[in-house]
Structure formats: C-alpha cells, structure tokens
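Take a look at the structures below.
One chain, chain A, appears in both complexes that follow, with chain B as partner in the first and chain C in the second.
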Partner chain A sequence: MSELLSVRNLVKRYETPRGTVHAVDDVSFEIPVGHSVAVVGESGCGKSTLALSVLQLVAPTSGQVNFDGTDLIGASRSALTRLRREIGVVFQDPASSLNPRMRVGDIVGEPLRVHEKLRGRSLHDRVTKLFNDVGLTADAMDRYPHQFSGGQRQRISIARALALEPKLIVLDEPTSALDVSVQAQVLNLLQDLKARKNLSYLYISHSLATVEYLADILIVMYLGRVIEKGPADDIFRDPRHPYTRLLIDSAPSLDPLNRRLSRPPSGEIPSPSNRPAGCHFASRCSRATDLCRKDPQPDEIERASNHRVTCHHPIGT
Partner chain B sequence: MTAPLLEINDLRVGFRNRRAVVQVLHGVSLDIRPGEIVGLVGESGSGKSTTPLAMLGLLPANAVIGGQARFENRTLDIANPAATRKILGGRASLIFQQPLKAFSPYATFGRQLVDAISAQTGMSRTDAGKVALAALEDVQMPDPEGAMARYPHQVSGGQAQRVMIALALSCNPKLLVADEPTTALDVTVQAQVLHLIRELAKSRGIGVLFITHDLGVVAELCDRVVVLYAGRVCETAPVAGLFHHPQHRYTRALLGSMPHLGSAQAFETIPGSAPSPAALPSGCAFHPRCAAATERCRTELPQMVTTEAGRFACWNPVGSDKGRVV
Partner chain C sequence: MSEAAVLPKGRFAGAFERVRGNAAFFVGVVVFGLIILVAVFAPLIATHDPLKIDFTAKLAAPSTAHLFGTDELGRDIFSRVVYGARTSLTIGLIVTVLSALIGTPFGLVAGYFGGRIEWAIMRMMDVFIAFPPLLLPIAITAAVGQGLYEAMLALTVSFFPWYARIVHGEAKRISGQLFVKSARAQGFSNLRIMFRHVLPNAWIPAIIQASMDFGYTILAAASLSFIGIGAKEPDLEWGLMVALSRSKFLDYWWVALVPGLAIFLTVFAVNLIGDGVNDMLDPKGDSK
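Up next is the complex of A and B:
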C-alpha cells in the first residue's frame, strides 16, 4: 500500500496565560492511496487542529506532514501552492463556507480560474461536469448560495473541493449541519465519489455511525493524543481502549427495546490546558490502576495487525 | 390512563409578512401526560420549533395562531400569547439547544438563577439562593457552591446545560419543553444529560416535550413520538411501536436514512429535501419524495387513521404492504 499522506510525531501547542494547551500531542498516522481515515473524538481532543495542520492552515509546533513525497511543513510558498491543488477541503457549515455574494457556478469555478487559468467555454464545461458529479444540474450555476437547501449547499462545497481533481479531501464534519434525510444522501455521495475517483479522505467527525460507514481506518483521539487506531472494522467489532468502548456505548441505538443509556458514563473531559498526569483518560476510566495515574504515559502497543492501542490495561487482557 | 397535562388540538400557525401569511402549522394535535416524555421529531421547516413556541405563548407579534389547548384541565387561549404565558409562566419551563448562548456572559450563574427564581416566585434573594443551590444539587452539578460563583465561559457545555436544567426545574414546573438540548454536546455528555432528564421526569412526574431531529436520542429517551412533516403530524405512536412498525412512509424512510452503529452498508436515502412552508406540494406533502406514492397521494390530503398502535396519516401505509393495515 503506498502512502499518500504520512503524519509523523505531529505536535501543536498553544501558549495561553493559563498554561500550555496541548491541542495535538505526538500524533502519527498514514493515509494510503484510495483510503479514508477517520479521526473521532470529543470536543478538545484535537481532531480539528489536526485537520488544519494537515492543510497547513495552522503551523504545527513540530513534526512532519508528508504528502505524496514532499514535507509540507518545510515546503516553500510556491511548492505549497502546487501541493494545495492536490488537497481539497469541505467544511462543516456550507452556509458560512460559501461566499453569499458569488453565484455558485463562480464559487465552484474559482479554483479553476486561479490555478488552471481557465476562462469561457472550457471553464463552463468543467464546472458543468463538476455539478453533474455531485448530483446537481448545470442550470443551478447562476443562482446564489441562499437559494439552495443545506444539502445542496454541501454538494456545492464538495464540487468546489473536487474542482482541481485532488488526491486527498479533508472533510471536517461535513454532514453534522444537515437534516437526517439529507445527511444520508451526502454520505452516499462521498462514498460513491471515493470509489469512482480513487480519492483518499481525512474525515473528521464526532459521529461514530457515519464513521463506521465511511472510514477504512479509524483514529480515536483523547486530549490531543491518539489512544487507539487501526482498521475501522476491527475497532468497531473489538475496541481495545476503554475510551473507545465508552464512545461506542454512548452512541444512541435505534432500538427503544434495547436502550444503552441506563448507566450513563461519569465525568467529563478535563481541560486540554490542564491534562491529568499519566494516562489522560484515567480519571474517567473504570479499569484505571495506580500505574495509569502516574507518568510516563502508556506506550502505544500493537494488539493485532495494524491495530494499536495506547493503554496499560486494554480490554481483552 | 392519567389525564393529559397538556392537550393541543388543531394548532395552526402562520407568519404574516409584507405580502401574505405563510402557513407553518396546518393543524397539529398532541398531548403530554404527567411524567411522560414525548419526542417531537422533524426536519427543517417541519414546524418542530414553532409548535413549542406556540404552546408556551412565545411567538412574535406577526404570528397568526389558531386552535384549542388545555393545560391541567384549564382552557388556554392559545391565540393570545400573553394570556397563555400568564397561565403557563410558572408551570412550564423551556431549555434550549445552546446553553452558553442562553445565559448572559456578564453575570455569574448564581446571580442569574437568583434573579429568575425571585422574579418568578417573589422570594427574597437569600431564599432564592437556597433554592438555586438545591436545584444545582438536583442536577448533580459538580461543586454546586462553586458553580454559583462562576460565569458561563468558565464551564463546559455539558455543565452549562446542567445549570439550565437546574434553572428550568427551580420553579417546580409541570411541563418541561426541551428544544434539542443535547445537540451541541459531546456524545458521552449527551448520554449523561439524557439520563438526567429521564430521572427528573419520572421522579417528579414532569411531562416533557423533547424536540429533536435525532432519532437515536428519541429511541433512548422518549415514551411516545410525534413525527412532523411540513407542518402536519404524519404519525404518532409509542416509541417501540414507531421504531419497529412504522406506518407512515416518511417515518419509515427517516428511520432507514438514520446512521447508526452496525449499519455499515449504504443508507436508504430520501430524495430531495423537505419542502418550504411557502411552497407545499399538493395532497400529501411528502409525495414528491415518496417511493410508494399513488395518484391519490398527489391530489388528496391523507386523513388521520387511529389504530391500537397509534395514529398516522398516509394513503399507502407500510402495513398495507402485507395486504392489511396493522
């Protein structure tokens, strides 16, 4: 499997008057060509900072982000401009990520005007094709974003992300602002595009159910660190970290006869600027021992093929 | 069966603009019993936010309201928001989706709780402070005394939602309206808040109207469900029946499109999106998106059918697939 993106020991710290916030703390992973990697976790786990670091929209404190053989962090401005064509992005809220004063055809065509200098007929043809790719008709091109529903707007964002035929698309919670019936359409579209265009995704989400559908590889983060990663099927079937288990158990089921929330989890996520010593999850963990509450943090161990967990007492031992 | 706490019949709401009145609710009926948690489910434009605001007398002046309502066996003049508020004021509470936006950032939680409690009950500030502290303890707020001295920005979303629930419960309401109270919360915190709402409803006999678009939350929490589409009730049933034997085609399609763990295959999708209240389709408003629509669905408004299991308004219900209406 060749790697499209490789992230090595990525660290992003913010210095604040109240102390250092460890947003991303020593994160490493790879995205093979044509695969989707999902990053899940709750508020403050660092998943969005991780996505922004990969896009070079925030400058990491240290570490490497290697895309298709080039290190993005040391790259020159011109090299970055070139590489950015290869990475598309879809944000959570299409209402605020589309310029309300531009026609949607111009929004989708803008990357082609800037990077490929397309104009006139050739531009129009490419934009028409992009609209068709995401299930919109070309007559929508002359309208403005507010004239579309939420789901259609997200299709427009996806068309814009696809414009330069990127190899990787970063999806930051792309369906969480949408109605349920429309969310399913967009997830199916993303799955379909991935297969048709051999795309790779870095999918950021807090919704385990959508992750299960879209992800090949799953990364679970807690307070800046990766606590479990591996093939998504393996983790959903056989989670090893107690936090992953907690996340799965906290997701509502769709069966009123088999409710999950009779025993709700206790505690909340500590602040990323004041993380507990040792394993950061120990304060909420039912399996924690004195070992977990002391530094150093647990090391990452391989439990099964490519399935790694950062825990002193993983489930199943 | 106990008498309903709140009964709403044929609620109609429109909003007047410069040109016309845009009708948003076309005759919604629902009831809530003491201690019962009723889920109100719908998509954008379904009327799921307008319904509770009309119930509580909180609609703006350009709303045109019609229908009948009874609360604790008293008739409510629901067309008159001020009169409705007067009766429901101390008996019904509302909690919102974004707790941090519902509080003022300039005052401590203690001050905001005491202000609300003393305004509502006429208690002295000292007594109101004791009530506020007790309410924070009831919602299992960690360090309740400390929380009284804190400002909204100093706590997490989950804790702010606990404070809001404490505020809502401090006046001993009979009815709690919860508008997507867990949508902005993390999943483990959502589980805690849902559990808390359920405990409080059951132990105090509070009727809860829980508004959400998340069917998973409904399955976990509610006793009964009302499904809205385009300003009308399309189906209402006890929660287990609705999830296991939905009758309305929209209910069934909505369940099929809901991502949940263990459903790693493609979702059934509903084509298109929910209609705008200003441009409703003829007949059954769902027919343009419905795979089972018949000619009758396109022309004639479906009548509400009552069965042992619940009520639904669909010309070609799911149960008819087996040659009978279940």
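Up next is the complex of A and C:
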C-alpha cells in the first residue's frame, strides 16, 4: 500500500496568556491511496487544527506533513500552490464556506479558471460535469448560494473540492451542520465519489455514527493526542481504549435495530492549556488507577495488526 | 434531489420595498435631482454672465432684472448660484470618490492580512483621525496653499482614513469566514482573494458612509471657502459667496441668504438620500 499522505510527529502549540495550549501533540498517521482516514474526538481535541495543519492553513510548531513525496512544511510558495491543487477541502458550515456574492457556477469554476486557465465553453462543460457528479443539475449554476438548502450547498462545496481532480480531500465535519436525513445523502455521495475517482479522504468528525459509514482507518484523539488508531472495523468491534468505548457507547446509530445503550461521557474535559500530569483521560476513566494519574500515558501499544492504543489498562486485558 | 430550492433573491431585492413610503428619501432624490439638472444646464438657466461686473447695478435688490439681486460688484446672484452648483457637486463627488478609493485598499489589506501589517496601517489611520474635524484640512491648505484643488486635496486626506477604518472592520470579519479560508486552501493569490472574495462582501458599509459624507464634504468645502482657505475669486463657490458678503449682509440680506440657502438645500437633500441609502443597504436588513 503506497502512502498518499503521511503525518509525522506533528505538534501545534498556541501560546496564550493562560498558558500553552497543546492543540496537536505528537500526532502521526498515514493515509494510503484510495483510503479514508477518520479523525474523531470531542470538541477541542485538536482534530480541526490537525486538518488545518495538513492544509497548511495554520503553521505547525514541529513535525512533518508529507504529501505524495513532498514535504508540505517548508515547501516553497510555488510548490505549495501546486500541491494545493491536489488537495481539496470541504468545510463544516456550508452557509459560510461559499462566497455569498458569487454565483455557484463561478464558485465551482474558479479553481479551473485560476489553475487551469479554462474559459468559455470548456470551462462551462467542466463545471456542468462537476455539478452532475454531485447530483445537481447545470441550471443551478446561475444562482447564488443562499438560494440552496444546506445539503445542496454542501454538494456545491464538494463539487468545488473535486474541480481540480485532487487525490486527497480533507473533509472537516462535512455533515455536522446538516439534518440527519440529508447527512445520509451527502455521506452516500462521498462514498460513491471515493470509489469512482479513487479518492482518499481525511475525514474530521465528532460523530462516530457518520464515521462508521465512511472510514477505513480510524484515529481517536483526546486533548491533542492520539489515544487509539487502527482499522475502523476493528475499533468499532473491539475498542481497546476506555475513551473510545465511551464514544462508541454514546454515539447514536443510523441503524434503528442497532441502537446501543446511551451512556453520556461523565466528567469535564481538562483544559488543553493545563492538562493533568498522568493520563489526560484518567479523571474521567472508570478503569483509572494511581498509575494512570501519575505516569504519563504509555507509548503506543500495538494490539492486533495496525491497531494501536495508548493506555495503561486497555479493555480486554 | 429531494432538497427544495428557495425562491431566487438578488442582492437588492426588497431594498426598494423598504424605501417605498420613505417620503424623506424621495424628497431628497427630487431636490438633489433638480440641483444636478441646474448644474448640468447652468448655461441655459443662468440669466446673466456670472462673472460680469456691472457697477451701475451694484447691490441691487431682487427684481425682474436680477432675480436674486446682485452683489457688491453688480454680478447677478442667481446666475452665480446656478453656476456654483457645478463647483459644489464636483467637490462633493471628487472628494468622496477619491477618499473611498484611497481608503478602501488600506482597510482591505489591514483587515485581510491582520497582524503587524494591520497594526501599522490602522495606527497610521488613527493619526489622521485624531485631528479634530476641519483642523487637518486647515493645516494642509496652510501647507499647500489656497485654492479649490488644494481644498479638495485637504478634504480627501482628512476623509480617506474613515473609509479605511470602516472597510477594515468589515474585511476583518469577512476574512475570518470559511469561504476565505477555503479560497486560501485552493491556492488562490492574496490579491484575488482580497478583491474577488473579501471586497465584494465588505464594500456596502463604505457605500453607506459615502452617501452620508457627500453632503458633509460640500459643507466642509464651503466652510473652508468661508474662512478664506478654499475657493478664491473668481471661483464660483457658494461658501466663498457667503464669505464675500460678510460685511454687507446686514443691510443687503440677499447677498448671503441665497448662496447660504443653496448650501443648506443641497446638503439637506443629500443627507435625506444618505439616510435612505443607509436604510436600503443596512446589513441587518440584507437578505442573506
């Protein structure tokens, strides 16, 4: 399996008057070609900062982001512009991710105008094709974003992300602003596009329910650190970290026959600017011992193949 | 596709409904329209050559020969006021447009880039804004000399920082939105993002400001002329006409009253329009 994106020891710290915030703390993972990697965690766990670091929209404090053989960090401006054509992005809020003063046809066509210098007929044809790809008709092109529903706007965002035929699309909570019924349609579309165009996804979400459907590889983050990662099926079937267990138990399922008993996470998330000394999760963990409260988290422990967990007392031992 | 599209709505849709019934706005439009017509067709409307000196008719009272009387050099006041509309409207237009054109890029760059660039630009604007109104134009005309163009330059220099400040706030807000982030992620140039994505969403408050400033500019130009550092003889400018009549108007009321009324009427009409434009384009009433 060749890797499209590899992130090595990525760190992003913010200095604030109240202390240093460890938004992303030593995160490493790979995205193989044609696979989707989902990053899951509660708000504030650093998953969006991770996505923005990969996109080079925030500058990481240290670490490497290697895309298709080129290191993005420290890449020259022109190299970065070239690489950005290979990475599409879809943001969470379709209401503010589309310029309200531009026609949606111009929004989707803009990357083609700028990077491929397409004009007139050939531009129109490409944009029409992109609209069809995401299940919209070409007559929608002349309208403005506010004339569309949330789900349609997210389709337009996806069409824009697809415009330059990227290899990777970063999806930052693409469905969390949508109604549940519309979420399923958008997820279906993403799944379908991935298969048809051999796309890779970096999928950021706080909701395990949508992840279950789309992800090949799952990464669970807590306060900036990866606490469990591995094949998504493995983790859903057999979560090792107590926090992952908690997330899975509290996620509503799309399948009514598969509703799990809902147990809301208990306790407060510690402040990312003042994290506890031992395992960051110890204060909320039912399995925590004195070891957890004093010792930092152990290094990643490999469980089954490629299934890694960072815990002193993983479930199933 | 199961999601229903809403009805089409353009940017200004609903704007005209909002001002329908706004009588003040229409009064402003009608009066200002008439003033523009007077300025454009001044040669046809004026009854006399506005510069022609006639000592035989000096300080003549309003009559059929001289509709609004004559000044101390016997020049026909009606004709002078008619031609004066050209000067005042030109000053208002040039100063307002120039201020907006100069101020907007400063605010746009500051709001988009943020950080040190923003700090440097906005502190520079603060220096200009810190002067009391009219003091800065007085200081500038003192430096560059007296005259209509000098007055326009002075007013532009003192007005443009306000546009920078207004556009800065809007541009900063817009630059934080996801579509700007998304444009950066797509590898567009900063210039493109600023002018294609940020500015079209940030210029409405500047337009509102301009519509309000237009009247103030005319008033400020007249004030500069009145205190003797703006227009000078033989410019046809209302403020200057009032100034020249200073020593006479207690005995000959028409020499100051008529140009004074012209200033009042123009500024009043423009302000009514400005209020109307404000109501029409107010972001809170905008359909988004």
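What we mean here is this: the second predicted complex is superposed on the first by the 301 of 317 C-alpha atoms of A that agree within 3 Å, B and C clash if a C-alpha of one lies under 4 Å from a C-alpha of the other, contacts with A are read in each partner's own complex, and residues count from 1 in each chain.
Here is the rule we go by: a residue touches a chain if its C-beta (ideal position, glycine included) is under 8 Å from a C-beta of that chain, and two chains touch if they have at least 3 such contacts.
No experiment lies behind these values; they were computed from the predicted model shown.
In the superposed model, A:L208 makes contact with chain B only, not with chain C. Contact with chain B, but none with chain C, is seen for A:Q191 once the two complexes are overlaid on the shared chain. In the superposition on chain A, contact is made by A:L55 with chain C only, not with chain B.
In the superposition on chain A, A:V114 contacts chain C only, with no contact to chain B.
In the superposed pair of complexes, A:V182 makes contact with chain B and with chain C alike. Contacts of A:T81 after superposition on the shared chain: chain C is touched, whereas chain B is not. By the touch criterion stated above, A:Q152 is placed in contact with chain B and with chain C alike.
Residues 149-152, 182, 185 of chain A lie at the contact with chain B in one complex and at the contact with chain C in the other. Within the complex, the chain C residues that touch chain A are 1-9, 11, 177-179, 181-188, 192, 196-197, 200-201, 287-288.
Across the complex, chain C is touched by residues 55, 57, 80-82, 84-85, 87, 89, 91-93, 96-102, 110-111, 114-115, 135-137, 140, 143-144, 146-152, 157, 160, 170, 182, 185 of chain A. Of all residues in chain A, only 42-43, 149-152, 179-185, 187-188, 191, 206-210, 212-213, 233, 236, 246-248, 250-257, 259-262, 264-266, 268-269 touch chain B in the complex they form. Across the interface of their complex, chain A is touched by residues 43-44, 156-159, 186-192, 194-195, 198, 213-222, 239-240, 243-244, 253-255, 257-271, 273-274, 289 of chain B.
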